[in-house]
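Consider the two complexes below, in which chain A is the common component and chain B and chain C are the respective partners.
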Partner chain A sequence: MKEFMYFAFKNTKFKIGLSILLFFLILATIGPYLSHYKDPLEYVSMSNLPPNKDNWLGTTTFGQDVFTQFVYGLRSTFFIGLFGGGLATIIGLLIGFIAGYKGGWIDEILMMLTNILIVIPTLALLIIIAAYLPYRGIGIQSVIIGLTAWPWTARAVRAQTLSLKSREFVNLAKITALPPLKIVLEEIAPNMMSYVVMVFILQFAGAILAAVGLDFIGLGPTRGISLGLMLQYSVLWNAIQLGIWWWFIPPGLAITMIVSSLYFLNIGLDEIFNPRLREE
Partner chain B sequence: MLRYLIKKLYIYILTFFFAVTIDWLIPRFMPGDPILVLVSRFSGLPESAKVMYGYLIKAFGLDLPLWKQYLNFWMAIFKGDLGISIYLYPKPVLSVIAQAIPYTLVVLLPSILLSWIVGNYIGAAAARHRSLDSSMLPVFYIITSIPYMWLGILLAWAFGVLLGIFPIAGAYSFSMRPNWSWQFVADFLKHWILPFLSLFIVQIGGWAIGMRNLIIYELEANYSRYLEALGASEGLIRRYAFKNAILPQITGLALQLGTIVAGSIATEVVFAYPGMGYILLQGILNQDYFLVQGVFLFIIIGVLLANFLVDILYMIVDPRIRLGLGGENV
Partner chain C sequence: MLEGEGKMIRVENLTKVFTSGGIFSKNTIVAVDGVDFEIKKSEILALVGESGSGKSTIGKMMLKLLKPSGGQILLNDKDIYKIKNNKEFYSKVQGIFQDPYSSFNPIFKVDRIFKLIKQSFKKEVSSSEWEGRVEEVLKKVGLNVGDVLNKYIHQLSGGQLQRLLIARALLMDVDVLIADEITSMLDASTRVDVLEALLSLKEIGASILFITHDLSQAYYMSDKIVVLYKGSVVESGSIEKVFSNPMHPYTRMLLDSIPQLDRKWEEDRISVEDFDKSRAAWKEGLCKYIDRCPLADLNCVRPKLKLVEEDHYVACVKM
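Showing the complex of A and B:
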């Protein structure tokens, strides 16, 4: 751990990624307390005001405060990344572990399912599921994203498990009659920890982008606000034509920065965990 | 080689079967009654609501036993009967989709192919020069993080509103009718360029990152070291590395299709471009379930076809599969 911290704080990519991410995380946490308004959907001001003293990021066509929407939207974004990405990681890990460790027909069936789901575009699946749900919250949205995003993780984890399970320390554990679950948890999993962390980060980013896509085509949460919904409303109400840039720039910029900070974090971690990739 | 193809075909047929089953399953087993939701807009007119409800139950065939409904669904698909669009009543869903497909393809295909070529080229160039690499790599990562629709919005705002160079809605001017005159083609291209660019730019990032990583990996492989020891020129080694690195990128093309299709849907919405994405949005906003189902089906068919094409391409490019020696993906 100490060694990890040492290399982590020498790695520029890791530091940049982490600071951007922390900045938005803090903004999402304390933002709602900073804002003058409590309800992101409440009509509080004149419509289409550019950024000013009271409305830090201006107002929408309906006179809603963009800053308030923005900070609440950030919360939804982190929520979906955490739960949607987390769920996808867990399912992918389980299926990958089981398929790789058990082998045989279990492997065949699980990989068949994985290959089928890889070909079907996730968004198409999300659309068909989300379109029939009359009420959607960000919780349900994260669940359906998690349930559809796991296949490539499963495939990668399976490959890793396959390569690990033929190592000597695993054979040793088998000889000592350790139950399979224990072997997976105590012998194989720790060797994959760094990999799991990186998979989670990528799934986190993927879930955020998937949610934005869903929100934008009208399948976002039916209540509340999210960054994707802000983009959808701004386009639906002609913010582009009217030049209300303060409505659509902040949410898209925040998503871009969060997702790229996650990517930076990921390559940074890759370099930290893998000594061969370290600079100099 | 044939075995490889058959195995792939087998997976695709299974996938198609699976997708159609989902398409059938979800409206029937979702919590809540989609038909009630559909009818609810007639709540002011109880008489027509009743008629509508009866019609829809019949149209979905919900009064039949489940296995029969399922069989009928398959029969209808093979007959090309995807139901009647509610939003564009009384147009059949199939003809609505048939009108939208060309617009989607005309934006999607060039953007995929060009970004793949350009991205690979830039990535390979970045892998070659260390100074270029350290400045370009972060840029690639940022580009690939941009949500497609946001780049679309930015381009529309910058070029359409601030500079006023390009139109930002529709596929051609309202005053025109599609024909093959120069005037129309010019107008069409003017409408096409921004949606194309927003898809093109976002995709470049991913391909460049992939190519750059693969080339660096290949240049450290034993065969490269060996060639180096033999005194082969750097250009020759790089050519071999490129040949090896291009294979995973072709596989990547197949894997990325889903994401790209999703991106094109969002982009079409931004530019009100009358392709599948725009139709889909209308279907969702108007709760036109037949239309949504039909679009879902066509996206699946399109992605499967594209996957199959990529497989054939892979077969042609990879000598191990072409000669039946067993490649990595068999």
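Showing the complex of A and C:
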């Protein structure tokens, strides 16, 4: 851990990624308390006001406060990243561990399932599922994304498990009569921790992008607000043509910066965990 | 253990076939082909053979790490695959593996292997008594407690790690120990300490399978020997008899290849003649050693082990 911290704070990519992410995370946490308004969808002022001292990021065509929408939208974005990405990581780990460790027909069946899900275009599947649900909240959206994003993780975790389980220390654990679950959790999994952290970060970014994609084509949450919905509304009401830049720039920039910061973190962590990539 | 007195572990017609490839191109490799042997109480049996002869595969099957394709392994006349309770089985049968570096989980400190044993098998022993025992066995294998405990694997040498594994096996006071090439990573000076530690285990009644490709070590350690070639036993029996009167051409070749301190390599070793025993001639039913054997001809059908003198078996039709 000490060693990890030492290399982490020497790595520029890690530091950049973490700072940007923390900035938005803090904004999402305290932002709603800074805003004068409680409901992001409420009519609060004249429409299409540019940023001013009451409405820090101006107002929308409907007279809603963009800053309030933005900070609440950030919250849902992080929620989807955490839960959607988290769910995908957990399912992927579970299936990867079981398939890799058990082998045999269990492996065959699980991998068949995984490969089928990989082949089906995820976006099409997401559209169909989302279209079938008349009411959609942020929670449902993150579950849908989590349930479709795990296959690559499962395959990668399976491959790692296959390689780790042939190491002698796993045999030594077996002849110490440790139960299989304990072997997977205590012998195999800790050796993949760095990998799991990176997988989670990528799934986090992937879930955010998937959610934005769904929001943008009109299959986002039917209630509440998210950065993707802000983008969709601004485009629908011609914010770009009318030059209402304060409506679409903040969510667009935030999404880009959050996802980029996650990729920076990922590359940084790779360099921290992998001694061969460490900068001297 | 009255019913098992004298008999410890017996291997009967043990076979392992590996299959590789998919539905369209299936390859099978017979790694172990009908091997029989028995290790009695307080006996060390050396299993020798070249790389790929199936030595380690046999060891893994005896530790229930690989399922045999055929045959049986009997621990005190009980099929080990019928012992469902792993704790019961592994409290009697233990192993030490070839590669000490990969035998430890790099995430944890090395003494975790002792803690795990206590958790699994020796719950009843008090912590302070356990620590005393650990210290005692570490001394026995020539390790200094302060040098090895609380260290990570990369802070120790291969020899130290290997001796930790042997200490682990000693702590378990097992009935059967599978020692798979345990000295291959040790330097000459520590090798003897380790072998002595194994011999002390034998004295307290354990049966030991000593897997090695070093014939001089096999001779130093063992009471009996089994020589494997391509998964089959070519010669077996008491170590004195096999070493003083090797019958199988393969065993003779092996014994001839032991380097001697007092003489240079001589040219009169058995050489492989230029004889048309190429792969084309190798077919099912012929002796597996045919392509390297100086005595072989195409009439060498696959031999069975036969008794040539008391406690000495050879599988060669020319004998």
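Simple rule for what comes next: the second predicted complex is superposed on the first by the 280 of 280 C-alpha atoms of A that agree within 3 Å, B and C clash if a C-alpha of one lies under 4 Å from a C-alpha of the other, contacts with A are read in each partner's own complex, and residues count from 1 in each chain.
Operating definition for what follows: a contact is a pair of C-beta atoms (placed from the backbone, for glycine too) under 8 Å apart; a residue touches a chain by one contact, two chains touch by 3 or more.
Predicted, not measured: the structure shown is a model, and the values here were computed from it.
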Chain B versus chain C on the shared chain A, clash or fit? fit
I'd like to know which partner A:Thr12 touches here: chain B for first, chain C for second, both or neither. neither
First (chain B), second (chain C), both or neither touched by A:Thr29: neither
Just to be sure I read the superposition right, which of the two partners does A:Pro190 touch: chain B = first, chain C = second, or both, or neither? second
Applying the document's definition of touch, where does A:Trp152 land relative to chain B and chain C: first, second, both, or neither? first
Any idea whether chain B or chain C touches more of chain A? B
Chain B versus chain C as contact partner of A:Ile118, first or second or both or neither: first
Touching A:Phe264, do we find chain B (first), chain C (second), both, or neither? first
With both complexes overlaid on chain A, does A:Ile127 touch chain B (first), chain C (second), both or neither? first
Closest CA approach of chain B to chain C after superposing, in angstrom, is 7
Output the chain A positions appearing in both contact lists, the one against chain B and the one against chain C. none
Footprint of chain A on chain C - complex, ascending: 60, 63-65, 86-87, 89-91, 93-95, 97-99, 102-108, 113, 116-117, 120-121, 165
Complex interface listing, chain A residues touching chain B: 112, 115-116, 118-125, 127-129, 131-134, 152, 205, 209-210, 212-213, 216-219, 231, 234-235, 240-241, 243, 245, 248-249, 251-253, 255-257, 259-260, 263-264, 267
Which bits of chain B are touching chain A when the two form their complex? 11-12, 14-15, 18-19, 22-23, 26-27, 30-32, 34, 37, 138, 141-142, 144-150, 153-154, 156-157, 160-162, 168, 255, 257-259, 261-263, 265-266, 269-270, 277, 280-281, 284-285, 289, 292-293, 295-296, 299-300, 303-304, 307
Counting only contacts in the complex, chain A reaches chain C at residues 167-169, 171-178, 187, 190-191
